[in-house]
Amino acid sequence: MPQTGGGEEGVRTADQQAATRRRLENTVDMALFAVIVFAVAGATVFVMSVTIGDWEFWADWKDRRYWPLAPVAALLIFPAGLAAAFWSRFRLPVACTAVVLLYSLMRWLSAYFNFHIFGGFPLSFVWPSIFIPLAIIIDCTLVITRSVFLTGLIGAFLWGLLVYPVNWPLLAAFHEPITYNGEMLTAADLLGYEYIRTGLPEYVRVVERTVLRTFGDAVTPLTAVFSGFICTLVFYIAWGAGLVLNRQAWLKKL
Amino acid sequence: MSVTARSLDLAEHPTDAGEAAQFEGIRWSTYFKVILGISVSFFVYRLYLQKYAFSVGLDYFEPEFAVYWMRLLYGQIALASVTLVGVVFYLWQTRDRNLDAITPELELQRYFKWITWLASYTLVVFLTGVLGAESDAAWHQIVIRDTDFTPTHIEIFYMLIPAIIITGVGSFLYARTRLPMHSKKVFVSLAVAIGGPILIMPNVGFNEWGHTFFYAEEVFNAPIHWGFSGLGLALLGLGGVVTHIVSRMKELIDEVATHA
Amino acid sequence: MTRPGCRALTSIAGLALVLAMLIPIVATAHGERAQQANTRMRTLNWYDVEISPAKIAVGEDIKVRGRFRTSKLWPEHIPSVEQRVFLNVGAGGPNFIRTASNIDGISAVQSTSLELGKDYSFEIDMKARRPGRFHVHPIVNVLDAGSMVGPGRWIEITGSQDDFVNTVESMFGREIELESFHLKSIVSWHVLWFVIGGAWLVYWFRQRPLLIPRLRAVDELDEKGEDADELISPTDIKVAIVFLAVTLLIIVGGFAWGERDAPITIPLRTAKTSMPDNKPFPQANIDVSISEATYRIPGRSFRMKLTVDNRSDRTLRVGEFLCANVRFINPEVRTVEPIDEHDLVASHGLRVEGGPIAPGQVSTVEVFAEDALWETQRLTRMINDPDSVIAGLLFFYAQDGSREIVEVGGSLLPIFE
């Protein structure tokens, strides 16, 4: 901190210096705020939609085998990558929550404007999943352990493990059986059948299909544990990539 | 926000005579005008899309399509090309030829301007990612795939992506021509964060080729789209850019705040 | 951003706005014409398609029904209906809901597979949902091949979407309004997590200014060789423990709430519907082969030279040639008028030289299909395709109105002069 005093002409007092510094530093925060918000929101939603989009778009893609695995693993890349920058240089354990909160907000924006207003689908068919608590878990783990390794092992594992229970209060009712024209369907299936998607026939859904070896019907717990494992790996890789890109490296030429 | 600037030899920094005469920190009016300008333009475009995509945008071979969409496409391509050339020409012609003599005040002011450039770039990235890409996702579920020029493709690939190129190249060149640290070297994270999204434009070639010849379904998360994912992931580089900006501005603010 | 940049974007917006204001709106058809001409002819041939009524109010029913024949000439390099298909609709979005559908009377809620060279009937029941004028097509999606589009009809829906309700009942008596099902819970849970997530961010963003002082502090500790983790205070840790505990508790509580809300659930349905095996090929009492097929480009005139063996006991005449949804009608045999402006009927498009074919007779018939629809439907683009094969259904009519339907196909020779 600057020293107080200093009455020499032309030299600013320490208080003046501190005030100027504070004002400018506040300006930097505010100016960068929009840049960070725009970039994070745009990048996350874009990457998610072209990587695992359909599981997030449609209620009849939210199955027990792939939906708790693919979207949650893909979504971790940006939070973990940016957490590396914000933790290593600022000791701010906010990146995961901030990224996911923005992502969720933008998904609502897109569900409403793109799928509901532009596409005409009911919101009950295109609602976004919840990921925010999973992000809070990682950020809190980072603060409590102050260890990247333990955060990956515990926080990122819980991120993958808990996505299904986190969303169950939203999803459960969509999986209640309905008798429809003599067939048994879920409400989610019925939405997919009734609300016409010309370009997305039933058969292209990448969802669980019957297999012989789901011992004891343990589909969801199995997927949850595997998802946790994958997310731990994704966390370490994305954290590493974040650190590499956060290096202040320069090239002489492009 | 105003700090008295040290005396400057304005002749050495002719293009920044105005900004250097008095240090003002960031120009919030410019900052918000840029954000508002881009947002309003996109909003108007979006209204147009809402009104004409389903009514006259379903069939490339209808004469109405040529009127409502192809003319718009040609106009966009022409405008984007002229704007890109104009931005590059302007930034290069007005470059600072004496960056060694730059004062901390001027450099700090330029960092704030650079943040304004980056805000324009990331705002376009935001519009592309949140409203552009997923409007195309919704579109493809509803229609039968027409030609490569559908209304949402005209929106994303020939309006938003060119805008990413213009603002991205502008952001890069602004730093290159006006910031001493960037004038002789290339900051890797910046190159990645801007280069990746720009490469989305050529990747459109692969996308359309693939949809024509080997991928007939409209699943949005299909591997054919993962080229876009990889290029979008390049935006992770912005973490490094933010760190660089904060780190350099910290040094500059220390100097500016100390000197009277 | 520079002023030229601003101006450019403003100009785009201005251009869009001006166009939006100046030009009146006209509704057009779908984009199936972009598909390659010869593949449109050699995949599914749709006929007897009825989509009615043409004008309905929101909430009222509409039926799409007809028949299609899977082509024997299906290009071998295109995945066929033998893999997986789904009976679908093109209607410009969810402007209708589909309430039931079947192929040959077998429910088509799930996808199925079909056989080549066979004839199928289909029905799709729909309910109008959003007001407007929509071009409705039956469609068969074929895995890895794309959408095979049937003929379209303009349907006008009147009324207001607000009047649309779509209620079903679950096996346990829960009334499900699909238009807004469970939305209150979905939004409430999201809001709860937004608040908790927001609280976490507010806690960390309370320090102002934030970024530079924290970077400075981390750098200083690093330079001194000390642990930058010292910046995390014991209070921070306590707060994190509280947030973590609350988060985990709410997750557990939410899961229990979900379990209580829907105690019995089933996974998404994915079974493939089986169609009866070995469906017989469509029978016809007539054999037809193409000995020559040419298309004279300047006159938009398609000519087929056919050898016809009439094995029936009735005199037959060529009444219609159906090709890529375009119906070329022989006016001497049938009177068919387009139902609307996009009904692809050439009422006088078919001319036949060679006359009626008597029972038991083998004769040579020349068929001329001439209409601007060749151009407007881009069928003439076939000469640009790597394999210029023409195919379609020929309809032979007897005096009593009975008919024989056969698929014909072969190479096409363009005449450029």
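Letters A, B and C mark the chains in the order given here, with residues in each chain numbered from 1 onward.
FYI, a residue touches a chain if its C-beta (ideal position, glycine included) is under 8 Å from a C-beta of that chain, and two chains touch if they have at least 3 such contacts.
Quick caveat, the model's predicted, so the values are computed rather than measured.
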Quiz item: So which chains are sitting against chain A and chain C at once?
Solution: B
Self-check item: Contact-richer chain pair (by C-beta pairs counted) among B-C and A-B
Solution: A-B
Quiz item: Quick one: which chain's Cα centre is the longest way from chain C's?
Solution: B
Quiz item: Approximately how many whole Å separate the CA-defined centres of chain A and chain C?
Solution: 32
Quiz prompt | Rounded Å distance, chain B centre to chain C centre (Cα mean) | solution = 35
Quiz prompt | Distance from chain B to chain A - Cα centre to Cα centre, in angstrom | solution = 24
Exercise. Check each residue of chain C and list the ones that touch at least two other chains.
Key: 90, 93-94, 139, 143, 147, 211-212, 215
Quiz item: What parts of chain A, by residue number, touch at least two of the other chains?
Solution: 25, 28, 32, 89-90, 119-121, 197-199, 204
Self-check item: chain B: positions in contact with at least two other chains
Solution: 116, 142-145, 217, 242-243, 246-247, 249-250, 253
Practice problem: Note which residues of chain A are touching chain B in the complex, please. | Solution: 2, 10-12, 17-18, 20-21, 23-25, 27-28, 31-32, 34-39, 41-47, 49-55, 57, 70, 77-78, 81-82, 84-86, 89-90, 106, 109-110, 113-115, 117-121, 197-200, 204, 206, 238, 241-242, 245-254
Quiz item: Touching chain C in the complex: which residues of chain B?
Solution: 33-34, 37-38, 40-42, 44-45, 47-48, 51-52, 54-56, 58-62, 64-65, 67-68, 71-72, 75-76, 79-80, 82-83, 86-87, 90-91, 116-117, 120, 142-147, 150, 159, 163, 166-167, 170, 216-217, 242-243, 246-247, 249-250, 253
Quiz item: Which of the residues in chain A come into contact with chain C in the complex?
Solution: 22, 25-26, 28-29, 32, 60, 62-64, 88-94, 97-98, 100-101, 104-105, 108, 119-125, 127-128, 130, 132-133, 135-137, 139-141, 143-144, 146, 162, 165-166, 168-191, 193-199, 201-205, 207-210, 219
Quiz item: Which chain B residues qualify as touching chain A in the complex?
Solution: 1, 3, 25-26, 31, 35, 46, 49-50, 53, 108, 112, 115-116, 118-119, 122-123, 125-131, 133-135, 137-145, 184-189, 191-193, 217-221, 225-226, 228-229, 232-233, 235-240, 242-247, 249-250, 253-254, 256-260
Practice problem: Give every residue of chain C touching chain B within the complex, in rising order. | Solution: 1-2, 4-6, 8-17, 19-20, 23, 25-34, 79, 90, 92-94, 135, 139, 142-147, 149, 211-212, 215-216, 376, 378
